[in-house]
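I have a structure here, written as structure tokens, and I will follow up with some questions on it.
A, B, C and D are the chain letters, set down in written order, and residue numbers restart from 1 in every chain.
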Amino acid sequence: MVENVEELIKAHEGLKREVYLDIENSSPVPQEVIEAMLPYFTTRGYGNPALTHKPGWEAYEAIMKSAQKIARYIGAENPEEITFTPGETEANNLALLGTALTWKNMGKKICISEIEPVSVLHIAQLLQEKFGYKTVKIPVDKEGLINLEKLKEVVDKETVLVSIAAVNPEIGTIQPIKEAAEIVKTQNPNTVFHTDFSDGYGKIKINLSGTKIDLATLSSYKILGPRGMGALYIREKTKIEKILEGQIATQKFWPGIENTPLIVGFAKASELAFENFEEKVAHLRRLRDKLIEGLLSQIQDTLLNGPHGENRAPDNVNISFLHCEGEALTIELSLKGVYVSSGSACTRRLLQPSHILVAIGRRFEEAHGSILMKVTRLHTDEDIEYVLEVFPEAVQRIRKIVGSTVSV
Amino acid sequence: MVENVEELIKAHEGLKREVYLDIENSSPVPQEVIEAMLPYFTTRGYGNPALTHKPGWEAYEAIMKSAQKIARYIGAENPEEITFTPGETEANNLALLGTALTWKNMGKKICISEIEPVSVLHIAQLLQEKFGYKTVKIPVDKEGLINLEKLKEVVDKETVLVSIAAVNPEIGTIQPIKEAAEIVKTQNPNTVFHTDFSDGYGKIKINLSGTKIDLATLSSYKILGPRGMGALYIREKTKIEKILEGQIATQKFWPGIENTPLIVGFAKASELAFENFEEKVAHLRRLRDKLIEGLLSQIQDTLLNGPHGENRAPDNVNISFLHCEGEALTIELSLKGVYVSSGSACTRRLLQPSHILVAIGRRFEEAHGSILMKVTRLHTDEDIEYVLEVFPEAVQRIRKIVGSTVSV
Amino acid sequence: MSRMPLPYNPKVLELFRNPKNLGKMEDATVWAVAGNPMCGDMITFYLKINKEEIIEKASFESYGCAANIATSSILTEMIKNKKLELAWKITWKQVTDEIGGLPSIKFHCGILAVGALRRAIRKYFKEKGDKPSWLPQDLTFEEKQALEEEELAKRLAKRIGGQE
Amino acid sequence: MSRMPLPYNPKVLELFRNPKNLGKMEDATVWAVAGNPMCGDMITFYLKINKEEIIEKASFESYGCAANIATSSILTEMIKNKKLELAWKITWKQVTDEIGGLPSIKFHCGILAVGALRRAIRKYFKEKGDKPSWLPQDLTFEEKQALEEEELAKRLAKRIGGQE
């Protein structure tokens, strides 16, 4: 199989431009972030931050400063509220399983939206299937906005946890998350409110201490930081239990010794995202709209998935190309140097396409032909123009292969 | 607090040499490993290895080649048996909790040694305290060798799991792990045998497919690879359930998308450890013995913790300095550029000193004055000589502060 | 298996890029479909069959991934100028081998391609009102699998809610 | 708190490196110990007290971490030339403040230092056979804590197995 993949990579030789837009799944790390991390791999702070020697103290300093920075960017009261985890997945697991463990005798109802990322969805399902919880899914409208009325109805005395992503990772819907948290706490002040904020961090501003949000997940690579790093904001008085056991260094809720270089990289990536924030976000919005409008106007039989305009994450582009299978299209685009992902069942290794697209009412065929892209501050107008140049012919070629099949 | 730490770091200015020996807790990463990782952060394989585009295929290739390499070094049948995790802690949690979840209706007895690392010990305790398991601890002798007779007695029909570290991380005892696994399987062929092999990997050879070991934990930083990476060897037919939920990329037992640069770094560190293996291990042994003999001969009232000679890990040095508190000594040594850790209660933020030292019969006072050091292939004779030069006066100064206190 | 063996081999990629016998055949003797757009996997096979029951021309259209496209394309090559009886006997395993192997999660692509071909052959004889002795009464493995995938898609769609 | 606030401040480090009033005092009027080597925390206080009940000299020895050493040392400075009554009134909080603050997990070091001092003062009056009115009958917070730590260590040692 390794030989096969070498051939696949070779098939990409001689590309005149490469544009990576699959930030949803992974991302390259810019040079400035690398340079911030490097000393912590080799010459500084490579010790255990809980120990009394110089490399440990250097690690402690770096971790504290990083936590302070990140706390500031999300309006947390203090850096102790930041728990670093190996990623978004682990932070979501800690939020949901840790809360369920803490309140296991208080109630057995959990409430999520229909369009949560799989790490939230699958934990909620696990709690229902194996631990006697009732998991209620709040429906969303055609743009992915959660139904606040329904949320109000559902949250009751039995509800230990509500988890709703502030910004949907796939279709970019920005939820009224503050209101959602207010509603939940009005219904039951003891319900813990969690949000996966991975797609909001660095893209929309939030001041968590001014909200009723108790737990919020952050992810490093989604803002061009290194993989292997995420965080869970845990509001000071929120009770939670750790879900794994082991050596405790400076943190209480995730065992093991902190990964100083990656924490420093995450903080540096945050700094780069929040410096001249408005300007950067305006750049994202402009490229996003250029890409959306270019694709919708040049290619027929397309559907934008998720909201238009202000309710949409500034970086998110998700379009369904009808009569066009998504995985085939990602390969065709890859051979032209454009790297994207698809909500197709094929890409997901399941018969079902993205549950998120289905939840906003897309037919299966529409979901199979969806392509997800995210622009970053490092993308240029030329990048978008290149994507717009190669996209129509890629879609055309795949549609030619499909021919009359799907309309038969 | 951050200001305080800056002062502490400043107090180290003008050191003529620095020798980092706290490999137990964290480690710097050599330049060759950095160089292997760097392209995967910035220019190659930064995609999701499960996706059909070039950066994904590059990631897949890198991960497969890394897994193949590591599989080869431990004598695994095939690379599918390697599951990458964010660290040793997570691999141990997966091994123990994942096995307990799988066999929860088969038996409720778990068996570990008295001297397991805390990530194994605490999970075993958790299973006992919260999930109705009976955790039996196999005693060890004064050198830390497990009692095989006792193991044979304890393992019965009810025993779902045995976990014994092949090499003890603190006192370096090399266990007769093959025999232990044989005994366990003879008593009950269904019992899953796990070993935390983090302190053996790269230091002693093993051919796992020729043993009865089902699960084995590896750690990257303990062989000078990057932090944030570990692995669990899962023998092909061994059943285990994942313990966290989320997006599945190319692996089945740990959710989330693989961390390609750190996996590549781990593989490169492995390569460096296994190239000219005998020579490197001989170098470790020589430096280890030079350090042990130098300290024992120059400083009075010392005790070597763990075995002498062949039964001791080639890199491990652990000595108790009587009438000398360990944390104070680590600070004194740090101010001279020698970075070590201690089994003292203070360092551990508990009233109790290392359970491992207590288990081999050390009195509390002896444990409090213990210092743990590990040498690496990058240490030189000059490093060891420097340590031997500064150590006696450091111990002397701390003993002067202690004065007659402990003998009162 | 813990690692999803995803990468296609070079032959799949080549046929994905330059598929042979692609497109609707206007003068087809018979055509058939297998799969369902709901599961993102659908193949149409067109056959031109002469009086000696030899496949003179075969073509395909495919709504599916690269493996789907490549297996369909190679199958059209494999059956060209073959007697129907011989074409019928081609198994999904032979198709997969011919293409140089497929990742296990893509096996169903080869199965679907063979399913579509066999449907077309059955349809040909049905329309002719004639059943040769080599043509089994019962559905073969590949045909059953195609049917199952189609039904699974419908059930899933129904469960998820009101999709056609 | 999720983060262990570990780093010592510069004053602690300075006193760790250059402790004041270190060492056994041969001509001490009284001495006392608090803590237990089993928990890795033990302080000996030596006092030279004159007829006016003024502490003329104080010194210490410490088996413990840097915080332990520094708080003991600063306390010997704080009580020098003080009347016993005033020395008695110094609380662990004042010691901790004097040293510029301690990480919370090191608070017990200040408590133990004050505990040792108060024990020495009690012992002085007990040996004299005299109890001034300002000296409370009951153990104070710091003395009780010292006692508790000592007993915890013994219990732990017993539980873990056969240690003295």
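Here is the rule we use: a contact is a pair of C-beta atoms (placed from the backbone, for glycine too) under 8 Å apart; a residue touches a chain by one contact, two chains touch by 3 or more.
Worth saying up front: this structure is predicted, and the values here are computed from it rather than measured.
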| item | value |
| --- | --- |
| Shared chain contacts [chain C and chain D, defined touch] | A, B |
| Most distant chain from chain B by Cα centroid | C |
| Length of the line joining the C-alpha centres of chain B and chain D, rounded to whole Å | 38 |
| Centre distance in Å when chain A and chain B are each reduced to the mean of their C-alpha atoms | 33 |
| Distance from the mean Cα position of chain C to that of chain B, given in whole angstrom | 53 |
| Residues within chain D bordering two or more other chains | 4, 7, 65-66 |
| Residues of chain B engaged with two or more neighbouring chains | 1, 5, 8, 50, 52, 57, 60-61, 64, 248, 327, 331, 349 |
| Chain B-touching residues of chain C, taken from the complex the two chains share | 1-4, 6-7, 65-66 |
| Complex contacts: residues of chain A adjacent to chain C | 1, 4-5, 7-8, 11, 323, 325-328, 331, 335, 344-346, 349, 351-353, 355, 358, 363-365, 368, 400-406, 408 |
| Residues of chain D defined as touching chain B within the complex | 4-5, 7-10, 13, 16-17, 19, 22-24, 33, 37-44, 61-66, 68-69, 103, 105, 149, 152-153, 156-157, 160-161, 163-164 |
| Residues on chain B engaged by chain C in the complex (per definition of touch) | 49-50, 52, 57, 60-61, 63-64, 67, 79-83, 234, 248-253 |
| Touching residues on chain B, where the partner in the complex is chain A | 1-2, 5-6, 8-9, 12, 18, 20, 22, 25-31, 34, 38, 41-43, 46-48, 50-61, 64-65, 68, 86-90, 92-93, 97, 117-119, 122-123, 125-126, 226-229, 243-248, 255-257, 259-262, 327, 330-331, 333-334, 337, 339-341, 347, 349 |
